[in-house]
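Scrolling down, you'll hit the structures one after another.
Note that subunit A is present in both complexes that follow, paired respectively with subunit B and with subunit C.
Right, the complex of A and B next:
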């Protein structure tokens, strides 16, 4: 079969199975890695989600669940477990899927991939231990000069190195697939999106190492001083760019689900790939989003960096915002749902949680996370939003409503295809994206509302009951925080539904046999083909998508200028 | 259907969909509008964060703040006796952040300009002026100097909105705005 691959490892006699649902050739070693990374991801989501619930209940003024010390501990654990460990473990599973599985290739160096897995797991556990011991409640951002226990930083470093190893295996697999000619022409669009995510990951993890390694030495006393502004600049080189890994990955997931469930093809390959390319070229910057009100950084740098060089990366997302629903509309119209403007949308498979989760993720990422992100990241507007609840409101719109919901949605395909198990509790699964989506929409909106009224993020007591100077936020702010609590419970319930369905299906689910695959196909005939091939849909009339995009654009423009109006009303400063 | 052959190998030569081209153009122009709005605001807007900042030793900053307080304290407030300082309009005023207080309380005159100096003695803190909702990051070792013009007579509070340890939620300072004399 193969010659010695470029990675220098000996070709291994890979064992394959042929997927009865998609016809793809699946390397069993890759399959096992995908399973384990996904399972561990879900475990961290469960732990982190539980901490999220505790945090939301504490910030609900009428409940105020945890004592202060526990609150800051829980908030640190929540941030690390969901934002780093859940999301990145799942992304590694996606990388292996998009390379080995979609390209019909063997995985490069599975042993090294396992090494990466164990490093990540050890690092994640170590960081959790450090946080739970109580000496590392520094928030996952760990801004210096506040100091955590050394093994907190060490855990994050091990995790990052493990992730870097996994990314290397992904690139190695691409090389092998090309060498061994497992596919013809260019890689499928979904793989292309995964490549964008992986390239950004290399930049990101490197920044993380550059800052966390000296910070670790500082925590054990070898280095005496770390500059707090410099720390933030480099830390956010990791922190913000890593959000762009999430965006690339979940956009790839949107295309994958649209392709698998509906046989949707991108309107034009060229445009969609160009949009991913914009991510690769411009998303590395944008550390400035987090530095807009720091001392000692020039406005020129802030403006250039926060706008990703003239908003070219935002342009990438805006393009996907048309091409993903456009691809769905085109596929539906091809199926004959051509009545009126929206028949294609009404008759979409809303009972299929893979589809409903994907579509809700798309809409909420745009309307909640996307618009608020651009507003928050405008240099001067940041003055009226920085470090308020608006910030977590914004990113629960991106990384929870967007990324997390998209990853949940694709799980409903991964379980039957990769774990070869039927989805159990079908009714619960059907409702899950709606419950979780509604909950997350609520927390995102109400946190943003509270932030607009000034409420501080990462804050245990907004009544300031034992502060020497008495102060109260306005009554509406308390209402917002209460509603945030209510919707937080709903989001947690949606998360629990997901965990129960997935765990039950994976461990106790009915096996998906070949007969079953034949008698009850998971994907429409054109679905399986669409995800592994490429080619453009071509010209079609898409009145529905155009209407949706127009509504989005008007909302965006209005909301953007409203915030400049708000800014213009505060005390002049220069 | 084992391996799906690509449908059109030469995808990069396909014509573009018209609705896509239109949207890309609109979105690109919108990006330019948003970019230049930020630039434009530096010339016409009244709310821009100053770029004036210095490296400073926390002790030096504390000395300057105390010197101001010694000279212009008008009264003391609260159980801890925090000084309320009324410096002359147009002057340099200082507020320091430390675990877990903003010191001292300032009394400023409406409509007058002040050069406000901010720095931290220990960890990072967040200057969050309420209910105006102006938020500025405060670092140890850096002194940020900005010109501020209070509007509206009344009481204002400075909440700390950067997590700074277990007393973070007790860290509240105060600014009074009084009528100009």
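Right, the complex of A and C next:
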């Protein structure tokens, strides 16, 4: 049983318990909010994942499951439920964890935090109801002049306001922690990564408010017209930036898992913080790559916001891509795994789903989502891939292989530490990151393959069976879409394994008592200190990581120039 | 505070001058201002001005 002490002297009489695994002081109000946000997040992942499976089975030419109307309904629900509701509910849980828990602080204004939670939940439910009623199949982007039902926009606005309230509570908690001296010096790196995510969230939500409020008024007839290009510019300030919240949050999760499971510290706190600063300043403007083929917008705006400023954010990701595996290698070598170049990697805890999920997320985010993001962000080669299946291939590499897998991985620590329940079905949990990771890798690769062959995204029927003008894609494109369907089923199986393990553990799992924490420690002795304090590993003697990074750079350069070769073939310059 | 490479921040050490970058990174509200202002100017405002300048078809 955890010890509970009433501090009494604080402005809010916060009740704390001391975590027997980490020794951290946990505000019970923060813990409850983390639990509820995480549970609701998983519910929306289940709903959104189900719709995703329907979409994959419909785009599988041999199956072609849903009629057109249902396909667009399912696609809209899939996008909203996983791209917004699943990730942002989970991110709010991460913000509360990274502030109140890691800083040993009380949470600022829990009642306001609950207001934010209920607003988010009401908004997410309202938007789902609107979509399921069938009058709002406008897809995630909801481009005007397509019009959804007013309560679809209202739902998104309520959700955004609730998320903004939660972000304000996060910043308030940082102020309280500093004022009450609950930590020394600088905040830990994981909290700093959460600050980056929260800053990007403020820009994201502001952009959403700027465009969704007038669009709501347009849907009820108060405003007569919304300019489609203006809508796209401002909407993507929300639509793409919301995915940048994910990137900052999941990179913070990578550092957190490496620290908690292996006691790994970043190679250099300063350099990793600089990388997060690059995210804060430049990551949001990557939204411009969605507008690279829009007429009427200058090349100066397009190229500055993608091929110049975006590369500064990419530099941030490259730094994290070196620092996270480097931190793991340094920690493993400290533990004695020093033979050869890769003993540290071979003897990593691959049977721990928190670690395996994190490492797969790291590798797939870099190789699939990262490289393809730079390709899409180059104005010239974007021309051959814009609005093809390549785009969802890219963001399934970032948001699903990167963010979702990282969030799944940290769940295997959150359940015992915050819900105080043992992980049930341990074998299923061990296999889950591999099944889901393999499925998502296939989805991402085969979508990108189909996109490279020109297959359009958001299209119900690539055979154009009822079109007045026939068009035939090459047979390979059909193969790619079929394989996308097969791997979509595999990813859905991995998602189902996660839902079953998490739901069973949270509601029916064995309680994790203090005795259990003592006899079967979840974290190594230095795990809690590594995640909750400022400090660097301070070494670059990392032959394994340097080798992996070299392989990544070779793949990056080769793939980048292969796409220029493709461009030269469709656009001969003789 | 400097990056010592370890968690060595003994309380008996003399106070060091905090470098500018460290002060910037330790101030979440300055980061918030920069993180909203930079994309608001470079992406949103510049983009909106571009669209607003598109001539209306006769």
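Observations on the structure shown:
The rule is short, and it goes like this: the second predicted complex is superposed on the first by the 557 of 574 C-alpha atoms of A that agree within 3 Å, B and C clash if a C-alpha of one lies under 4 Å from a C-alpha of the other, contacts with A are read in each partner's own complex, and residues count from 1 in each chain.
In the analysis below, contacts are C-beta pairs under 8 Å (C-beta built on N, C-alpha and C of every residue); 3 or more make two chains touch, one makes a residue touch a chain.
What you see is a predicted model, and the numbers here were worked out from it, not measured in a lab.
Counted by residues of subunit A touched, the larger count belongs to B, out of subunit B and subunit C.
Using the contact criterion defined above for the overlaid structures, shared-chain residue A:173 touches neither subunit B nor subunit C, since it reaches no partner.
Of the two partner chains placed around the shared chain by superposition, subunit B and subunit C are both touched by A:185.
Shared-chain residue A:553: touches subunit B; no touch with subunit C. In the superposition on chain A, A:387 makes contact with subunit B only, not with subunit C.
Contacts of A:563 after superposition on the shared chain: neither subunit B nor subunit C is touched. Once the two complexes are overlaid on the shared chain, A:200 sits against subunit C while remaining clear of subunit B.
With both structures placed on the common chain, the touch criterion links A:227 to subunit B and to subunit C.
Of the two partner chains, subunit B and subunit C are each touched by A:269.
Of the two partner chains placed by the overlay, only subunit B lies in contact with A:143; subunit C stays clear of it. On subunit A, the surface patch touched by subunit B in one complex and by subunit C in the other comprises residues 184-186, 227, 229, 268-270, 296-298, 529, 533-538. For subunit A in complex with subunit C, the touching residues are 171, 174, 184-187, 192, 195-196, 198-200, 202-203, 206-207, 210, 227, 229-230, 233-234, 237, 241, 268-270, 273-274, 277, 280-282, 284-285, 287-288, 291, 296-298, 301, 304-305, 309, 529, 533-538.
Interface residues of subunit C, counted against subunit A in their complex, comprise 1, 3-7, 9, 21-22, 24-26, 28-29, 31-32, 34-36, 38-40, 42-44, 46-48, 50-52, 54.
Subunit A makes touch with subunit B in their complex at residues 18, 23-25, 68-69, 72, 104, 138-139, 143, 145-146, 182-186, 227-229, 267-271, 292-299, 303, 307, 310-312, 314-315, 318-319, 322-323, 326, 374, 378-380, 382-388, 452-454, 456-462, 464, 466-471, 473-474, 528-529, 532-540, 542, 545-546, 549, 553, 556-557, 560, 564, 567-568, 570-574.
Residues 1-9, 11-12, 14-20, 23-24, 26-28, 30-32, 34-35, 37-39, 41-42, 45-51, 53, 55, 78-80, 82, 101, 118, 122-124, 126, 128-144, 146-151, 157, 159-166, 168-174 of subunit B are the ones touching subunit A in the complex.
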